[in-house]
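These notes open a run of structures that come right after.
Two complexes are shown next, each including chain A; its partner changes from chain B in the first to chain C in the second.
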Partner chain A sequence: MATRQKTSAPAAGGTAAQPQGVRDAVIVGGNRIPFSRAGKRYADASNQEMFTAALEGLVARFGLQGERLGEVVGGAVLKHSRDFNLIRESVLGSSLSPATPAFDLQQACATGLEATINIANKIRLGQIESGVAGGSDTVSDAPIAVSEGLRRALLEAQHAKTWQARAKALAAIRPGDLKPLVPATDEPRTGLSMGEHQAVTTARWGIAREAQDEVALASHQHLAAAWESGFFDDLVTPFRGVTRDDNLRADTSLEKLASLKPVFGRSLETTPTMTAGNSTPLTDGASTVLLGSREWAESHDLPVLARFVDAETAAVDFVHGHEGLLMAPVHAVPRLLARTGLTLDDIDFFEIHEAFASTVLTTLAAWEDPDYCRDELGLDGAFGTVDRAKINVNGSSLAAGHPFAATGGRIVATAAKLVAQRAAETGRPARALISVCAAGGLGATAVVESV
Partner chain B sequence: MTAEPLRTSDGTALRVETQPSLPGLGGLYARGAAASGRIAAGRALPALPVIGAGRSASDTEHDGGPLTLPDVAYRVAGVTTTGLARHLHEYQRLLHEPVADVLPAGYLHVLAFPLATAVMVRGDFPLPLLGMVHLRNAVELRGPVRMGDVLEVRAWAENLRPHRRGVQVDLVAEIRRDGAGPEERAVWRGVSTYLAKGFSLPDAPAVDDESRPEWHLPLPTGRWALGPGTGRAYGAVSGDRNPIHLSALSAKAFGFPRAIAHGMYTAARALADVGHQRGDAYRWTVEFGKPVLLPGTVDLAVTQEEDGFAYVGWNGRRRQKHFSGTVTPL
Partner chain C sequence: MTDRYTQAVNSGFTKTLAKKLGLPRPAILRRYRAGDPLAVGPVLVVSDGASQKDADVLAQALLAWDVDVRRQPTDDVRWGAVLLVVTEAETPTDLAEPVLAVGSVLRRLAPNGRVVTVSRAPAEGDSPALSATRNGVDGFLRSLAKELRAGATGNGVVLTDGAAVGAGSTLATVRFFLSAKSAYVDGQLLRVGPAEPTGADLTTDRPLAGKVAVVTGAARGIGASIAQTLARDGATVVCVDVPAAGEGLSRTANDVGGTALQLDVTADDAGTRILAHARERHGALDIVVHNAGILRDKLLANMKPAQWEAVVAVNLAAQLRINETLLAAGLDGLHIVSLASTSGIAGNKGQSNYAFSKAGVIGHTRATASLLAAQGGTANAVAPGFIETDMTSSIPFAIREVARRLPTLAQGGRPVDVAEAIAFLASPAAAGVNGQVLRVCGQHMVGQ
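On to the complex of A and B.
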């Protein structure tokens, strides 16, 4: 394996040699398992099994058996404490060299993209030559915790020095304490679920039900077309007999979507608009992306889809409703484009994670609102209008599903392949903007560009 | 032992009677958190074991006669907070306050209010404790009170006045740092306003029905899913084991369909929701509306205003307001 790090012992009295400066990190390809609705085909698959499957598929696709990669980074949002080294354990269970380092990282739904940013940065800094970023999540096999009362009693009993003290601690357990705690997607600080938060944002921006259903329909149609055209043939490896994202409803229609009852925002004064059809379903799945330096890709005779240009994360003050929970990418993107010297017009593909159809629509509405852009984003006026034909052209989370930490890897691989295809068709560089909102008022965004 | 005279907000002089300890607090020290429930005997109980003979709702000798408040303030000095860590942290976890060694304003209410309860169960207190309705509460915290601080607590009743449904009275509790000079302001002051339904004051002007403007539901910033044990949990930490909070059965006996959440629990959770932006010194008010039935869901909106925060809690399905108030940094 090529080594580019030219570090040497510092000369007496001198400074240590730096790794070589910022260079390109490129996306070689990706591999994921089909995403599957919670409680169905992957019901008994663990995060580690799913991530290992996605990773092993990537290894097979690019012939990385026995290879020592620079780093494998990823995570899971719903994670059992026994999985403290989820990614490293997955590496050990794969045919990569056991000398491949790995670590777990977690930034809610932005986990996969944040892992990609991390790998890309290490490559750009010259710290590693290659790496894999990804994530895995299962709602079906989610860890279940004991109640706070039972947990405290058990801990106290464990710490007790005498049997009397142990008995006393255990006697404090009440029948109600035996009820297990199932992980919830409620924001810990507000108690509102993500859907309820987005229902508030949707109401604030006055996003109509029909517009949301149209986004959902387009997502299903685009994803179905992408599967039909074979776009995912080199991005997905079947798992447990599943060969396609099984949330995909190729035959859905506006009429069917319109018939669904609202599930979020039902206690607001405004008419509720968010349904199971225009919100992402709970999903199981895992994804991976392979990145490297150009030299590493070349020396391994690997293709290069795109360059990982730059990334920006943001967070918003949502706790008292100043900003919507899922609006952080709205803040990150103008900063990212300003730094990269790009405008919205320079972007060929917008990959806006569809946590909800209305997340896409409130994002677009915010960028078109001059007052908002001045007051909240510090811009001179409206950030701009995004051509709807450029958004999620191969479908997104509404159709594919959204296994939280796995979504970033799905999007990065899709975006990289899209810009590569476009550049091959037109002979001109193509760019994709990636935007992922996350719990906690977080957001991660990135730009990839054809090479 | 009597201390220097004390005056109510309308200038009435009060005799100060020094009590040996806060009601039930001695037991708290001895038995730790398990005994914390006895920090107060609870406002539904007819008598406090520590403070002489009380009176119950069935004492009706004041009916028909003029109502006068006892001209006495209770005082307890040398209240040490050193041993309260476990109880304090239990309170903080329950109310979603950060776990720290600073006593939140709601915790100081829990600490001080039993002394006011002791005033309410005196033989010469004119209103029955049972069935009194907590209308509103206003607290001023003028600086941080930390675990380890030695405190003096005073409590009295004042400002008996008409209400459209009866008479209302303010129970005032004050916390001073022990040894503070007479000129020094209380570091914490709480005014709890209660309504005794069906009582009236002679010569009282008729009170107009408050006109209620139409209320539009705000967009929520939070939601509380309150389990059936919410009242029992706060009852255990606060010592307020009024049966209306404990179980559906005991609440039914008092005319509620189910157990109801403590008003101060809801107000203290709203205070906690405001977070660190409230600072070390703040004014915290609450006005109670429809009771929160347990188990139940409360929608909450905390909004930043010019000089602080406003909050309101409501039932989104029934469109009923449960409480509203403010938290204003001082």
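On to the complex of A and C.
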């Protein structure tokens, strides 16, 4: 490192300027608003309102009024063009110091986790002392675009210098151009929805309908139990009268889930298995996570739940290659654990985002398959088996819902609290592995550890 | 929530009309604003012959607070307040002269003026004449308060156990009654003991600076106002409410620059968690305000077990359990203030559960007071009357109007009026006020 420094301009005093070394970034806590099914209680809440509410709850919980944080980073997947500075605008509408910088970031469903990685890295490098990561998404208040024909005509008319030119430009509009374009989560390069992509992956790995329904049932039961035990009392602040995630069905059963008709994979040759019950619903919500250096947390008398150990992102070629759209985390995790010197056995909690129940199951199946692990992941053999009892112990997206960019923050805060609780109980360090798949064949993963 | 009648009879044409028709005209009460003078005009200090010395002590204290103090009743001023000192009066006849002197200036008492009596409590072993004299002040003050108009109030400081008139807590109580902070306290006699506050500045705008306070039920209404008032007075406030009320709670916490603790006070470990939060996040716990409370009104004949049990659990049992934890922790100088209610004093039809819980609060406050006194702490209760909140705005119009006009001040109080009384009782200067119930009711007709 010192040799590289020689090329940089010397700082005042003649010695080369030194960046701080890498240090720990710790998770202080989190706050989110309850997630609500699209079109219901948050139907007219904007991303900015929801993210501001989540941020305000965080500020209140940790007494950060007037505090200048190092950075607030987050984003939304479905975003209005007016929200070009969504996170900064939310900060300005919050009780934080207006001198708190912020920026928007987006990595599809991995937005919240990628934001956390970003804040953690800045803290680890000593660039900031504290920061908030998060995200917000609303399907209810989604932007609606105009057709390409109308858009071009309007832009041309705006740029026109004479009224004749303007009239000419507007005359080009055809009735068909007036149809609004509603946002879709279809993959731009394949035209297939995420559910249809996953249906192919599910079929390829031969994941049974019953196994998927069991994952969904466990998610609801675990989340309900966590709510009952007060686990979310210091992780969630109510919003617009919603006090719990309203997608949660504490009373659901395998029978009820089995009665649902498959909605994805119906055009495949295999029997379709993916239903509305074992797929995440469209959801509105926002979440935040507070991170800091140990010194910052200590000097502010703040608790520390966990250390953000490391993260790894991956991407797969689902367009031309044969890998499934949501399989990127399968690739990221072995690389992450190898770098951190951990094995699956060293992990106490697995937080695998339930985009679909089958996402969790194909991930596990892939890691248990020696051929796949050799050919696709470059490992010597099977990566390993994950103890089912360690997966999503307090529920995940199937039960809580999945407001795309808000899911990462929900998971990071939950994982951090889980390892803190476990360590307090056992007196030994506890670790959680976080895995979030995302559109575009992306995936983000991370490890957090108790302190 | 707004009292349109009071607004109407105090402004414009409707004011003239109300005057002509002789309608009752509740006053616009003067509330505390930092920087405003303590009293609205000169203060007359009168006493019987034997209490002359004590009157001098109080007059000197008022002078030190930049109050225009007069010792002779004259009719060329609008009086801001009258201080009647009868601490050393021994026979009923001793009172005639000073009391009639007070009467001679009442017509010239300014709007929002004050009459404050300073007397001693009858005690065991007093001669019958002494006891009669001292107890007589009680009936006198309560009657006088009912005769005052235009937002003026009458309250009394009653010294116990030989407390000195010049003691910090006596002066602090006199100051509270003279000030706009006691706007809706009327016809009350507050007992002040000899416990001496340490290092309390009576004139500061931030009497709670450096203190850490916990307020339960802080999401809205009176609780939110208490949090704001304690914060205004300098305290760091931990705002507590049930998780379901978290949205309002975070608003309060951000408003007062405190922290939000989503917690059900009926949880077994509520006291432990409150204590841990206050200590770990703010380094201390100095003030606890038990404000969280619920209503489940029902005639006893129709009362379901859940309605009785929920009210007792939240309003009473939770306070007891939390206090146990706090007492066991041995905190120095802890000030506990609990919300009682005039219903708990006078009773209210349909509120047997609520009145039981609130009278219970008064009971545990008295018992806890002596336990805390050993470590320089206090336990007191505030009993609000009709306060204008979301809760009371849901009362049917006619009943609400009657409830508003029953007190001497002929209007409902504001949440801040309750909060001011609590902030006073929680302040270091009020160390000598212990085990007391202070009514904030505009001298409501019910109960004492």
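In this text, the second predicted complex is superposed on the first by the 434 of 451 C-alpha atoms of A that agree within 3 Å, B and C clash if a C-alpha of one lies under 4 Å from a C-alpha of the other, contacts with A are read in each partner's own complex, and residues count from 1 in each chain.
As a convention for this text, contacts are C-beta pairs under 8 Å (C-beta built on N, C-alpha and C of every residue); 3 or more make two chains touch, one makes a residue touch a chain.
Just so it is clear, the model here is predicted, and its values are computed rather than measured.
Superposition model on chain A: chain B and chain C are shown accommodated side by side without a clash.
Touch criterion met: A:Gln65 reaches chain C, while chain B stays clear of it. In the overlay built on the shared chain, the residue A:Glu56 is in contact with chain C alone; chain B does not reach it.
Contact with chain B, but none with chain C, is seen for A:Gly321 once the two complexes are overlaid on the shared chain.
Measured by the number of chain A residues touched, the leading partner among chain B and chain C is C. Contacts of A:Pro303 after superposition on the shared chain: chain C is touched, whereas chain B is not. Of the two partner chains placed around the shared chain by superposition, chain B is the only one that A:Thr190 touches, whereas chain C remains out of contact.
Once chain A of one complex is fitted onto chain A of the other, the partner contacts of A:Ser95 are limited to chain C, with no touch recorded for chain B. Of the two partner chains placed around the shared chain by superposition, chain C is the only one that A:Thr243 touches, whereas chain B remains out of contact. Once both structures are fitted on chain A, no C-alpha atom of chain B lies closer than 44 Å to one of chain C. Shared contact residues on chain A (touching chain B in one structure, chain C in the other): none found. Of all the residues in chain C, the ones that touch chain A in their complex are 239, 243-247, 249-251, 253-254, 257-260, 262-263, 267, 280-283.
Across the complex, chain A meets chain B through its residues 176, 186, 189-192, 196, 200, 203-204, 266-269, 319-322. Partner chain C is touched in their complex by these residues of chain A: 53, 56-57, 59-63, 65-66, 95, 230, 232-234, 236-241, 243, 301-303. Listing the residues of chain B that touch chain A in their complex gives 216-217, 219-225, 229, 275, 299-304, 309, 316-317.
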